[in-house]
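To keep things simple, chains are lettered A, B, C and D as they appear, and every chain counts its residues starting from 1.
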Amino acid sequence: MSINTFGHLFRVTTWGESHGPALGATVDGCPPGVPVDAAMIQHWLDRRKPGTSRYTTQRQEPDAVRILSGVFEGQTTGTPVQLMIENTDQRSKDYSDIMEKFRPGHADITYWQKYGIRDYRGGGRSSARETAARVAAGGLARAALATLAPDLQITGYMTRIGPQEIDRERFDWDTITQNPFWCPDAQAAEDWATYMKALRKSGNSVGAVVEVVARGVPAGLGAPVYGKLDTDLAAAMMSINAVKGVEIGEGMGAAMLTGEDNADEIFMGNDGRPVFSSNHSGGILGGISTGQDVVVRFAVKPTSSILKTRQTITKSGEAAEIITKGRHDPCVGIRAVPVGEAMMACVLLDHILLNRGQIGGAVGETRGRIG
Amino acid sequence: MSINTFGHLFRVTTWGESHGPALGATVDGCPPGVPVDAAMIQHWLDRRKPGTSRYTTQRQEPDAVRILSGVFEGQTTGTPVQLMIENTDQRSKDYSDIMEKFRPGHADITYWQKYGIRDYRGGGRSSARETAARVAAGGLARAALATLAPDLQITGYMTRIGPQEIDRERFDWDTITQNPFWCPDAQAAEDWATYMKALRKSGNSVGAVVEVVARGVPAGLGAPVYGKLDTDLAAAMMSINAVKGVEIGEGMGAAMLTGEDNADEIFMGNDGRPVFSSNHSGGILGGISTGQDVVVRFAVKPTSSILKTRQTITKSGEAAEIITKGRHDPCVGIRAVPVGEAMMACVLLDHILLNRGQIGGAVGETRGRIG
Amino acid sequence: MSINTFGHLFRVTTWGESHGPALGATVDGCPPGVPVDAAMIQHWLDRRKPGTSRYTTQRQEPDAVRILSGVFEGQTTGTPVQLMIENTDQRSKDYSDIMEKFRPGHADITYWQKYGIRDYRGGGRSSARETAARVAAGGLARAALATLAPDLQITGYMTRIGPQEIDRERFDWDTITQNPFWCPDAQAAEDWATYMKALRKSGNSVGAVVEVVARGVPAGLGAPVYGKLDTDLAAAMMSINAVKGVEIGEGMGAAMLTGEDNADEIFMGNDGRPVFSSNHSGGILGGISTGQDVVVRFAVKPTSSILKTRQTITKSGEAAEIITKGRHDPCVGIRAVPVGEAMMACVLLDHILLNRGQIGGAVGETRGRIG
Amino acid sequence: MSINTFGHLFRVTTWGESHGPALGATVDGCPPGVPVDAAMIQHWLDRRKPGTSRYTTQRQEPDAVRILSGVFEGQTTGTPVQLMIENTDQRSKDYSDIMEKFRPGHADITYWQKYGIRDYRGGGRSSARETAARVAAGGLARAALATLAPDLQITGYMTRIGPQEIDRERFDWDTITQNPFWCPDAQAAEDWATYMKALRKSGNSVGAVVEVVARGVPAGLGAPVYGKLDTDLAAAMMSINAVKGVEIGEGMGAAMLTGEDNADEIFMGNDGRPVFSSNHSGGILGGISTGQDVVVRFAVKPTSSILKTRQTITKSGEAAEIITKGRHDPCVGIRAVPVGEAMMACVLLDHILLNRGQIGGAVGETRGRIG
């Protein structure tokens, strides 16, 4: 149980290292009859692909996915779906000078301590390349959601790079795909470009905040008390490389509110469903979805592979200085956006399937009626 | 799979409702030979007990735990340990006026929607009373840790109530147990007392931030990539009632740092183990413990049961006003401190056992040597 | 993970020892809205109760079950159901002479080796008393099945005691409850009574074969390839104390047939469903139910606690002779009948819930139509 | 949760269909530092390979395994190991005449009913080709066992083909690999050859019994009460295609014994470990290994794809006759021998790892001393 699997009914096991022959996702529990082909999954992988802008790693990987099992004549069969991505750009020589030294802030040292193995080729299993497999699995989850819950929409974007946050007043959904930062605020995107240009020149990196919103989520998803929807989202996001904090709705800011301010008041909507005056809860109460937008936010720390000199030690315990050359993301948060979306898709599909098992309800059906 | 279990090898299933005959924890996977009795577990329950100060609910519950199985002649046998707490103060009449109305910000409405059951007696399963079972399980975990990892120390405290944060300069471990807020800053504790007094009078409630630190954690704990130590801690804390955000080390603040600032530089310590210049990582890199203090922080929203009038609807969909009388915590974060500690204890014990299964190492042993 | 839980979505954790204060089952995943009370579960426990005939142990236990959680106003809530049975007849003095000696054929020695704990009070966790908790959980499963799959009928009976097998020509469902052996063949029941009388007098014990049949099982249950319906039934039955073999349909005898003889030919029935010329398959093909009767059979070895002198050793490794006095079942297979039924009920309910999660089908619905 | 995974800590997920591009096993939880390469795993696959004698299917598949992840510089890293086997001989035209008809005794009909998908290409996921992935995973488990438990030896053989059983008096370990039937009785092997020749000519098939023995198993393995060693072995073997019965030690025959006869008497051995006068228990008491040989036996039904005419129906519900041409095993039990061995290897490794997590013991260590 080295736990490379997540999900309860929609179970995703990712495998593969940064510089091995291939990596991928073994997905078990995808419902049968879902129309899907490699191109549909490739669409999402292309969003995460390295080398697409000057703000991400210059590693060139086509990240072409192959479906090796579980799909027959254009639809899923209910058996495991194997999604494989071959590694084609494995220039391991780039990493030869860090074979002995541990990068501060990197998993080098803990993997060595735990496993006694040093896969110096680009971080091995601890590399963010593993997230390509998540995005592939998320693509399959999206295909299943398109069938089961066609009204559901999942969108990720960045709300902060280092010191610079977006202005919510300027928020525009359409802007998100029109800049290399998945930024919903056109002005902020320009500021970030300036900031990042200077940062790259200095060889430094920076952190970021990513927000993922799911609209059209049916009420009733979530398994209290240890498989709550927010619990599973927190685990999903925290498991992404470099994430250090996760928030639902109001998040850490909820600590600053009074009960009076934090209450999302309830009214009856015209469609016979409850509506809320606000969404401090992030669409989740008691671990169960309310039918409002589900809002998750997570902080991505700056990548530890930088051109700045840092103090460290070698495997033999000697003091050393380290500068990490190679092709690294100056703001790894950018490429975390499609990953966060993928995790949201997997978690929501999982809970839709769970809900069927728990209460027998089709998607959007709940057992308790209001009105 | 309604998922009332957490943990991989140390598996805790909590059961019971706020106003049923009893609640408890069924704990499977506790190692054999651990010295434990009811008094040792009661010690931790007493810390969480309601009615101990004017800042917590006035519900009077002895919360006396009984060990019904898994312990023989003063030590665990390796079989399931059943920890039962009888509910003695079940004044359900207090809740009669909320049988039809949904409390804004409360799980009333989502439980009703999902399950079609309204357990109006104090929130039923969604009540924070469930956390008594967690604290009992945490007490057992502490007993096992005392045997397996005697150097390990777990301490929780509050760092914020509403607008008022502690001053880290005044941090003092000994102060924590000397005020009713588990506050490590004596000055802040006084300020909070003043603040809370006014808040209670107004019938309002407020949020809080709790921090839990584990000192003496061996390096090498954590199962990348979906059972990372931080992933499991995030899930554990987010599953606690009313929690809306979880941070590891630098947390959401990591988004504001550069790679240069965020790097915890590495040196060799005198005891032949690596030491770090700082702990932005919160003691976890790549999901595996470094040997530094493990630092987790979570935000608890204000309780939704307040004496302020709020707009809501009834089960039949009619608009209504609601004021929640009864015995509620004005700052539920206070009683979340022992709960956070308990979750930390369970997660660390679980990963110590996992590590044995994964790499065969005794506690504190790792496979990779440095130096 | 000492694995005292079984089931995928309907998850049963049993706890408790032979001579502790209580034992029980923590059941998670029971659907909400199932009408149930303690009396409905007690009905099944009474079938297993010791001391009901001269052919079972003379231990006197009322085995009265209490529901401590998960049921509100007469129906399940979807939260964990705690079923507790207090141990009232704990005469541990009966066992004092076996504190040091290991009974041949008993788990005494392996529990000691593994755990280093000797719970000499009647076998502790290894006692067949644990099966009372299974029967309680099975009672809850039966209540849920009565709602979800009202046509389903589960019946267990004995087909062999030692050398004496039933004659299938004389098989009569109504006879089963009319003798103390759950024997469907009235003549065999008489022969068994004579045989058992002599056996008890001699202080010996004997093995048995139990068969459990489920009628009215919907087609489509089973999760290939490692949660096949027959796989889960085999595990469920083999986990019962003293079981040494499990068969589905033709069982071990399938090895002696040709493909021509073993084929259950298929025809269309009048109700538009397939019918089969025979049931060699035991109602399961490829791990999925066909809609025919599901037929499971298991062998129970003779109890190892006998009045015959056997050679053994003590904890200190010295040779010794042992005779086990106390109140033991001369044919523990008899009381295994309700246990086998309970396991069948739990497994079928679990797969009905799983099927909903997997393919979204209500009970009895499948995705593929014939005709 | 369509459950294509088995194992607790050593977790194997198999994927792939009979006629898809590839199949394989995703293995999570293999300890780090195990020396292994593709050739070591290929060794075991070659034993199961089709087309090696006239008694198995004439399908020609090299079944060449590739290790895509989890192994670096000749040893496992503790991360998931992906074992892929490409399908090269996918003559799906052979199956065109059975696209509409269901084969009696085959999973065709239940897969169709459950999933609404008909993968007519050789049975799709229900094909015994899936077992190649199990053998690959078993090869990895063997490599790990060679490191962790070098004294452990796992050997499978056949004890029966149809009406013809081996004579235990002629049992010879060395004979097993000297005939195409894995038969330990040279005389029986000759008789079987004669029998099989006639059977093949007639286009019929036949069942078989396979026995797998593990020698050198340490005492103390097994997780009572639902992860008992025998429980897990029963599930493992029953999950193999066409298996209808599983026995441990005395098996179904235990029903015919008295307690006196069934008791394996205990003595102290010269090496300070207990020895037993017999092994009715099959090396397992109370679900925990005793240190004796672990003995498992399972019955494999005759393959349902035969040249004999049988009555069946089509997908549209019309009556039809069916003869299955193609390249099928006349006695699929023969190729089940290496599969049974593989399952034994996986289960034993899993329990060795579990035991470390449960009691902290290295392999062969137990907590309770005798003598």
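The rule is simple: a residue touches a chain if its C-beta (ideal position, glycine included) is under 8 Å from a C-beta of that chain, and two chains touch if they have at least 3 such contacts.
Bear in mind that the values here come from a model prediction, so they are computed numbers and not experimental data.
Peer 1: Check the residue numbers that chain A and chain C use where they touch, and answer same if over half are used by both copies, otherwise different.
Peer 2: same
Peer 1: Quick check: more C-beta contact pairs in A-D or A-B?
Peer 2: Higher contact count goes to A-B.
Peer 1: When the C-alpha atoms of chain A and chain C are each averaged to a single point, how far apart are the two points in Å?
Peer 2: Result: the chain centres lie 45 Å from each other.
Peer 1: Between chain A and chain D, what is the separation of their C-alpha centroids in Å?
Peer 2: Between these chains, centre-to-centre, one finds 39 Å.
Peer 1: Hey, how far is the Cα centre of chain A from the one of chain B, in Å?
Peer 2: Roughly 26 Å separates the two chain centres.
Peer 1: For chain B, which residues are shared contacts with two or more other chains?
Peer 2: 1-5, 8-9, 14, 29, 32-33, 78-79, 114-117, 125, 224, 354, 357-359, 367
Peer 1: Across the complex, what residues on chain B touch chain A?
Peer 2: 1-6, 8-9, 14, 102, 104-107, 109-118, 125-126, 130, 160-163, 199, 204-209, 219-220, 222-228, 230-235, 237-239, 241, 244-268, 272, 274, 277, 280-282, 284-291, 299-306, 308, 310-313, 315-319, 333, 354-355, 357-359, 366-371
Peer 1: Residue numbers of chain A touching chain D in their complex, please.
Peer 2: 1-5, 8-9, 11, 13-17, 20-24, 26, 28-30, 32-33, 66, 68-70, 72, 75, 77-82, 84, 114-117, 119, 124-125
Peer 1: Mind pulling up the chain A residues that touch chain C in the complex?
Peer 2: Touching chain C from chain A are residues 1, 9, 29, 31-33, 78-79, 224, 353-354, 356-360, 362, 367.
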